[in-house]
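The next part holds the structures, each set out as structure tokens.
Next come two complexes built around chain A: one with chain B, the other with chain C.
What follows is the complex of A and B.
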């Protein structure tokens, strides 16, 4: 009979509307969501830089030769910034300690002489690697620069000698960086941040909506009404999915595009569909949380507890192949891991389901399990 | 009392931003008295008590405690060791995870009680409160009554000269309340301390020596209870007349205060007793008047009269006729609720034990009992949330064992929390419930008008529900519960937190709903005064229905089994109580400055009491008969059962 179906639709409609109205009037949640999808993404994208830029370089040149000057000027902007000379070793140490300089390059007095005579020339480079990423980047750039300089000098010597000049064994690597041609962290970080926010809010918002009813005692009223547990639960998830998709739109078209110039190469419809499915299924965690906690503060704590392993295992920080084997497999169990593959694929690579299907399948299976678990907990609570 | 008062308040004003909590009050609390602040939520009781306790600053006026002006933090600190303050809320000042003994020890150390004093004091208080058997139990596992008793012990452990107790009996069952008052009276008499106690229950006023009636931050009247009662001279007449609605209408035309209590109409007649019955019968000439009974007024009558003098009298609203449209039709002769031997087990625990009763159409039925008596479980079974382990029943013509979803569509339900979404507007709330109960689209608008009219919310349709006062919220919740015009309405503790006037108006609506529209009402409450409004009552205790009758029938039963209530006015009532107890009147109970006993043979008991008290050289002023209250009914029934259970064990 269509009567029952019409009733379900009406229940869904009025309850979803109610959730949206309540969300609109909850200033606290509203601020969190607006921040999460705008300012937070912007700060993440422009603040977190994993590229070496303007690293301060201080030099002690005891050689004062054209060779030493050549080497020093090979350390160029934008990676390095020559800050000046400091011949006093103690003061140089202080500068490193206090963070006034990041690299300290010492060129001994006999540098040029050694090069000319063909003896191995020694230089010393001290690098502050307290920020391990930047430190190792600086070290490897510096090593490249020094090696390049060495090769250049060697080539000069050989070609002067005229022996076998053109037949030196050399590998010339022509690499093309794809999908993010400049290797910009500005692209990777804000997208990742958006996905983290989506995940956090998909858990938090439905849990908050449910716990609010518990806290205020209105759930009692809903239970004695003709609503089924599913009709109480699903509208919350629907409403919050709508809110999150709206937020995603703001991020994609208001922050990622105009500010960070991140392209949208793939299919918009596919992106929204898969995002909606991800949000909907992740809400299962939120529903499960709402069955065990009693107030909003506890929701917050539970979200943090759940989110940190999900992020660790998502591939945001460490790619799966770099993880210990067991953790690498565990990553396949993080819905966020699959979702990241999907979103990066659609946004940056412009690929479709034909390529993304393993990730989509993984997300479907995991999401289904999560949502099923949440639903089961929720229904059992009122059973 | 010629001594200077322990507390002297002059012109006290306290504002919270633009809310005026206390608007200039004067108050003197004499030493050694049990002083009550009586008023509903928002009357200004808590604010007054907090300023006296020195935990809150005030905006104007002066507060003197023990002769010290409390005008600064340091002044407040100086008196803090001499007073004890128990804030509002069950066990609010206690630590849930600590045991009874650990809580007491903590407060003792906090209050710098010497360890040699602590042991003895603790044992005495534990014994008095009968908590000594549970000393290792964590506070969170105690019942409401036990929590309050523990709260009292922790407040008294440093032997303060003044105790300030903010609504200590709210949410506590009548038997525990009775215990609580007995302990307090004993401590007052023995230690000579002064107590300032607030309550929202008008019927507790007789427990105090003196009281102040508060309303909206002002004191309506203050003084000894006897003198307060004399402020509204008159008679209360209880009338049984048919047709009841016509009688109500006629009496309302003549008198200010008319309340429908089940089959009776209670009229406050501001004249002398001799005339009252005559006047009432005169007004009701031509109707079938079966009974007119007269009594002395109670404090609530005084309170309401004083409000009327303030121009805040009861607004009498006619129940608007509901709009035409879809209604749920049931057999008008069949009971709307029928419960037959309902049983519900939770594991080994039997929460509901063979409960049977029926509710007829147009009847107000009360389900009474303390927390944990099984009321909620019964309601859950009747509303289709919980399946009974055994037994049968029907609600609104549907079998409760397997038609839960049908039942849910046919009943209305209003809970304690008023179940409204405070962040939605009046109209949004109504529309939401109209949608949930599948009211046809074209009928929503007329019903919305009807509910707004019924709740008296004209002009406030778009106000957020959270901004409405409690009384209006309550009526809106009622309206939302009626949106699908159900033939049965469940009301779970419907009037908690509402002032006496709001409560009277609310019950008036319920009465009209039952009599005019024939709606069957099932009301649960632990608020005994509320029970008087019911046509019939089932009294629950430990999962069983222990009494099932009309309020008058229940009172008659108690009178038959335990006797009528006598009130003894005499000097030194505390000593009188213990003398009487020593001479075989074990139920002698102290109420303020009076002692109450139950007497099967009133005349003989009067003589005996006089003899006993004369022998003890206590002069008796008067011994009079008091009408039994529902609280007496509850307490007597429960004590009797506990006594029998004790004998059996």
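What follows is the complex of A and C.
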């Protein structure tokens, strides 16, 4: 019995080594994987923000009073950037059409007078909402700015008139953002990017390694060798898991920590264990794909079809509560969805298994099912 | 350039494509499927944010205030929380995204004309959503303050109408251009065309050339009279054609299924998509001209196309918010230029007269890509 076991280990060792050798010898693949775990994450994290910044504002100020100027200057950097005046409405429309300005604010001639007397004063704001994210941010900020300005002016006027006897009831907002104070996209985007790369490579690399053997015909050699199907398959997954874990190490300790100052609050051992499990089980998708297809072009298409919905709908960009109900449930079937909770939990929140166990359990069950399916297909085809 | 030889290369490539049934199917099925999944799931409207309320005051007024949030369609009320120690657990689990804490003496302080502070604890894991939620809460508080002051004014002897006039006399009329509904799908669906066309066509092109290298069938080309240019062009045209057909399919999906408004000219859309198809497949062509294995080609194409298309096209992350470095990348990536064109033709109804810089950039891009591929591809490889 121990002899058989030793033999399996020996087979696995040799085959894993073979995969790693093959990987190392493909210079371009090596370069692109290194790039994916370092420069790519740096680039994504250093410039990308999901926040309204320097939105171009063009103004038509028909009032030219200190009040209208006050209002204009309350549209401040970094959200807004005053681009200039444009009294000609046609030319302003042109600027909006060609995207040269995003907002166009019109202040009527009687603005200051109306504010002083308490008569209704109406200002108009045109917003380019063709990008809905930007549009909704810009409109909500603009509404807040104008409302705040209105309240402030009214208070000044009322206190001058002495109507309130000096005291005003008021509800102020105070906000505390947890886990990611200041809503730092610098943390969110690079972590997201790392998860994207992990997922993409953990499906792609084993599938490609397997299909390559099919395409070149070397799989026939492996099948007539004393290796069992599992001994052919598992080393590919082991080897690629090692490669990816190495890449993750580069990202976490070379990019996320030193460059983006993302804290590692949780347990390192737990992080690596769960990442390894994730990579290993996601590779099951790759194995399942490799049994259906015959060449790498097909692999590429299948991976894209599987990967892109997983990436975009796993809660990185859109949380479950904003999904249509059916997709919301489907999302629970994506291992990535659980893995995101785990990674964010360990890195940013510093929590452990006691909090993360539902996600870990979900990932375990799904990963097990996926890997089991992949193995089953594989054995059926090559057994 | 010999047209007969070019036609022969195209015919050979086309035969290969049509004989691989799975591949052919996937080439036309994957793009629409992706478009449907994204279109249904990429909901960027921030609504139904799950939240709980901690009420330390337990008075009629604090409850009335709480109902301002409970009734809002932006928030999804998950109940009152009595034990504040539960907060870290709830936020860590992602079960709620915000916790509103109403302070002790809320009613008493407001009645006395003092300012009170309502604290909101938020999960910052989704920065965009946290920002927008903060805006909503700020707006709710501002309106509540206005009402409170108006109420005080009426007790101070003003008529109700006078009080309202005094408080809310500055009105902002907001006009959302191009996307009046403010629905994210209207602006997302057209941009999905940009993203999906960036995902599959380059991959197909890249693999088709490298496959010949890996299988050795390229030796036939090396030994034949076909020139470099004819061979590359013969590889390029069929895939650009596939991409073009997909462009029309996706356009139909966006317009008829997702009901996105299309205000521009269809002819101009076709022209721009034609050029874009050559640009995207050109990326595949370039990658395949120097890479030696299909795995490397697939991974490299995915990394260089997918990431800019998602991150740097301005679809999710606004261009104006990017740092200088990221803006350079955005301008260098073709996705951003096509996104501009898409925005223009769909939402704004503008044509070549305003969008010619973007069209020209795409054209230039295609020419440069082909030239580079021509330079790197050699019929006499050193090995």
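Side notes on the structure shown:
Heads up, the rule we're going with is that the second predicted complex is superposed on the first by the 373 of 383 C-alpha atoms of A that agree within 3 Å, B and C clash if a C-alpha of one lies under 4 Å from a C-alpha of the other, contacts with A are read in each partner's own complex, and residues count from 1 in each chain.
Criterion: a contact is a pair of C-beta atoms (placed from the backbone, for glycine too) under 8 Å apart; a residue touches a chain by one contact, two chains touch by 3 or more.
The structure presented is a predicted model; accordingly, all values stated were derived computationally and were not measured.
When the two complexes are overlaid on their common chain A, residue A:11 makes contact with chain B while staying clear of chain C. Applying the stated contact rule after C-alpha superposition, one finds that A:225 touches chain B and leaves chain C untouched.
The larger set of touched chain A residues comes from C, when the choice is between chain B and chain C. With both structures placed on the common chain, the touch criterion links A:21 to chain B but leaves chain C unconnected. In the overlay built on the shared chain, the residue A:342 is in contact with neither chain B nor chain C.
In the superposition on chain A, A:216 contacts both chain B and chain C. The interface of chain A with chain B overlaps its interface with chain C at residues 26, 216. The part of chain B that touches chain A in the complex is made up of residues 383-385, 405, 408-409, 411, 413, 415-417, 419-424, 428, 431-433, 435-438, 464, 490.
Put simply, chain A touches chain B in their complex at residues 7, 10-11, 13-15, 17-18, 21-22, 25-26, 216-218, 220-228, 382.
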